[in-house]
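Have a look at the structure below before the remarks.
Letters A, B, C and D mark the chains in the order given here, with residues in each chain numbered from 1 onward.
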C-alpha cells in the first residue's frame, strides 16, 4: 500500500520525479488539460456545439471524471510529503494554492446550477495548472532565469509602469479638455478619453475614436511619440535584466 | 515649539526622513493625492457627478483644505532647512519649483472664477507631486538608475529623435505630393499629412486616413518599415544604457 | 568529362566554392530566382497580365526551362560529393530536402493540369531556395550568429510564447463573457474573440472589432498594456542572447 | 584677403572650427535651415498661405538669397582646403556631394518654371544639410557610436530585413490565395495583398483592409504574431550592437 502511494507520488508530484522533465503521468495530464481547454473553447461557438451537443457533453463529463480521479489521487499521494502527512496534513494540502485551483477546475461540473458563463471561465482556469507543471518540468530553468530578471529590476519596471500611468492620465486629460465639446461621446469625460489614450500609448490604435480638432491632433501626435518611449523603456530594462540573469546562469554552469 | 517644527520637518520633508522609504505622513499625502486625482477624473463623467454633486463638491473642498494645511505646514517646517530659515528663507522656499506646484494645486479652489476646464487641469497637476515623493522614497534607486541610463546616452537618444523627425517630415512630404490631389482633406498640406505620418511611423495606425493611390501605398509601406527602425533604435540605445547603468550599480553595491 | 563535372560542382554546390561568398553561377541563380518570383507576383494582378499574357507565358516557360537545366546539372554534379556518387547516390540526392524543393519549384510548369492558385504557391516556393544560398554565402556568419542566439535561449523564447498564448486565451475568454451578448458577430464565441485578442496583444489593432461595453473596454485596456510586456519579453531575451552570441563571436575572432 | 578667406573657412567649414560644437555662423545657418523648412511646410496649407501670400513669397526670396550668399561664400572659402585650391579645386568642390545638395536647395527659386510640387521637395531637401552639420558638431560622437553599432552588425540587420521580406511575401501570397475570391479589391493580387501584409507585420494595422474568411483570419493571426518577431529581431540586434559600441567608446575614453 505504501509502495503504491510512493509510486503515485513519484508520478504525480512534479517535485517527486527525480529525472529531467516531467513524469509520463504528468505529461498525460498536460495533454488532457490542453484537450479540455481546446474543447471548452471550441464549444463556445454555437454552430460547432449544436452539430453534436452530445459529444461535447460526454467529453466534458469525461474530463471532469478524469480530473476528479487525478485530484483524489493527488490528495492521497500528498501523504508522501512530510508536510502533508495524516488527515490534518491532507486538509492543509487541500487548502494549498494549487490544490484549490485543481478543485475550482472540477467544481463547475458537479455544481450544475452555476450560470454557464462563469462555469466556462472556471473550466478555462484548468489551463493555469499548466503553469505549475511547466515551472517544474523542462522549462524550470527558463522560468527561473526570467523570474530572476524580472525580480531584479522590479522597481525599475514598476517605475516605468507608474510613468506610463501618469502619461495615460495627462494625455487623456488634455484630449478631454480640447475634444470634449466636439466629440462628447468619445471624449466627454476623462475615463472616456482614457480608452483612446490606452489605444494610442500602447500603439494599438484601433481608430474607432480619433481626435478631430487641430489641438487634439497635436496632443495625440505627442502622445503617440511618447508611446514609443513607453515601449522602449520596459523593453530596455528587461533586455538589460535578461542579459545579467543569463550571464549569472552561464557563470554558475561553468563552475 | 522648535521641537514641533523639527518633528513636522522630519515627517513632511522627504529629505528629513532618515529611514528607508517615506514617512507615514508622506505616505498619507500620497494616498490623498491619488484619491483627489481619482475624484477629479471620475467627476468629469457627467452621469456620475450629477448623481451626487454635493458629495463631489464636499470632497473637493475637503481635499483643498487638507492640501492647504499641508502647504502651510510645509512652509512652516521649511525653516528647519538652513537654506530656508527666517522670513526671507520662507519666501525663497515658496518660490521653489515644488512649492509652486503645491500652490498651483490648491489655487483653483480659492479662485472659483477660473473656467472649469483649466481648473480641472490644475487639480490634476497635484499628481505631479507624486513624482517628487517617489523620487525620494522607495523608488529612489530605480529613479537614479534610469535617469543615469537616459542621461549617459542623451545625445544618442536626441539624435534618434532628430532622425525620426526627418523621417516624419519626408514621409509626410512624399504623401502630400502624391495624395494631395486625391484626398485634399487628409493630405492637402504637409501639416495635414503629418497626422497620417505620425500614426504610421509610431505604428499606431488609426486608419482614419490611409493613402489610396499606388504611389501613396508604396511610400506608406516604406514608411511603415522605417517605423520599425524608429522603434528599434531608441529601444536598443536604452537597453544598452540600462545594461551599463545596472552593472555600475551592482559594482558599487558589491564594493 | 570528370573535369567538367568538377567544374560544375564548384560552380553549383555552395559547399564546393572555396572562396568567400557565392560562385558567379550561384549569383546568377539568385538573380533568376528573384526575377522569377517578381514575375510570379506581378502576374497575379489581372490588369498587368492581361496587357501582355504572351510575355508572361514566355517568361514562365523560360524560367521553368532554366531551372530544369539547373536541376539536372545539380544532379549530375552531385556525383562529385562522395555521399552522392553513382546512380544510388543520385537518387539519395534527389530525395534530399533541398533537391525536393528544387523539384517542387519546376513541377507546376510540367504538370499544367494543377489548379492555378496552388501552382502559384509552388512557384513562389522557389524563393525558399534563396535561404539555402544565403546560408552558405556572404551571410553565413550572420546566419550562424542569429541561429546561435535563438537556439541558446530557445526555452525562454518558447516560454514567453506560451505565456503569450495564455494571455491570448484569457483575454479572449474575458471579452467573450462580457461582450458576447452585445456583439454576437464579433465576440459570440472564444474563437471569434481570439481574432480581436490577437490584433490587440500584438498591438496591430485593426479596429474592425472593438469592445463597446464599459467592462469590455476595461479588459481591453488591461490586455493592451499586457501586450507591451508581450513585445518587451521576447525582445529583451533576444537582445540579451544576441549580445552574448556576438561577444562569443568576437572572442573567437580575436584568438 | 587671404585672412578673410581663412576666417570665412573657419566659420563655414565644420572641419575648420577647432573648438567643440559648431561655429556661430553654422549655428545661424542651422537656424535658417529650420526656419526655411518650417515656412515651406506651413505654406502648403492653402488657408495659411492665402492669408498673406506676399509674406511667404518675401520670406522664400530672402531664404533663397541668404542660402545663395552662403553657397558662394562656401565655394570661395573652400580654397583654404588643400584639396579644393584654385579654379579646378573649386569645380571639384562644386561637384562634391554636399555642395550639390546646397545647389539643389537654391536652384528651384531661380528656375521658377519648375512645377510647384517638385520645387517643394527640393526646398525640403535643404533640411538634409542639417545632417552634415550635426554630424560634425555636438552630436558627432553620438553619430559615430550609432554608425559603428549599425555597421558592425550590418549583415545581421540585412538578414533580418531579408527574412522580413520573405515573411511579407508569403503572408501576402497566403492571403491572396484564400481571400482573392471574397475581396477582389483588397486581395485580388499579391501586390494588393502586400499592402495589408505590410500594415500587419509592422503592427501598424490601419484596418482599411482585413481578412473576412476563417482561413484568412487564421493566416493573419499567425502573421501578426510573426510580426512581433520581426520587431524583436532587429531591436535585439541593435541593442546588442549598441551595448558593444558604447563599451568600446567608454574603454577608449578611460585610456
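We take it that contacts are C-beta pairs under 8 Å (C-beta built on N, C-alpha and C of every residue); 3 or more make two chains touch, one makes a residue touch a chain.
In this text the structure is predicted, and so the values were computed from the model without any measurement.
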Item to complete: Look at both sides of the subunit C and subunit D contact and report whether the same residue positions are involved, with over half shared, or different ones.
Response: different
Worksheet item: So what angle, to the nearest 5 degrees, turns subunit A so that its CA atoms land on those of subunit C?
Response: 90
Fill in: Centroid-based (C-alpha) most distant chain relative to subunit A
D
Item to complete: For subunit B and subunit D, let me know how many angstrom lie between their CA-based centres, rounded off.
Response: 30
Worksheet item: Of all residues in subunit D, which are in touch with two or more distinct other chains?
Response: 203-207, 231, 235-237, 239-241, 243
Worksheet item: Once bound in the complex, which stretches of subunit C touch subunit D?
Response: 37, 40-42, 44-46, 117, 120-121, 124, 127-128, 130-131, 134, 138-139, 141-143, 145-146, 149, 164, 194-195, 198-199, 202-208, 230-231, 234-235, 237-243, 245-247, 250
Fill in: Complex contact set, residues of subunit B against subunit C
203-207, 235-236, 239, 243
Practice prompt. Sort out for me which residues of subunit C touch subunit A in the complex.
Written response: 153, 155-156, 158-160, 162, 166, 169-170, 173-174, 176-177, 180, 188-192, 200, 203-207, 210, 217, 220-221, 224-225, 227-229, 231-233, 235-237, 239-241, 243-244
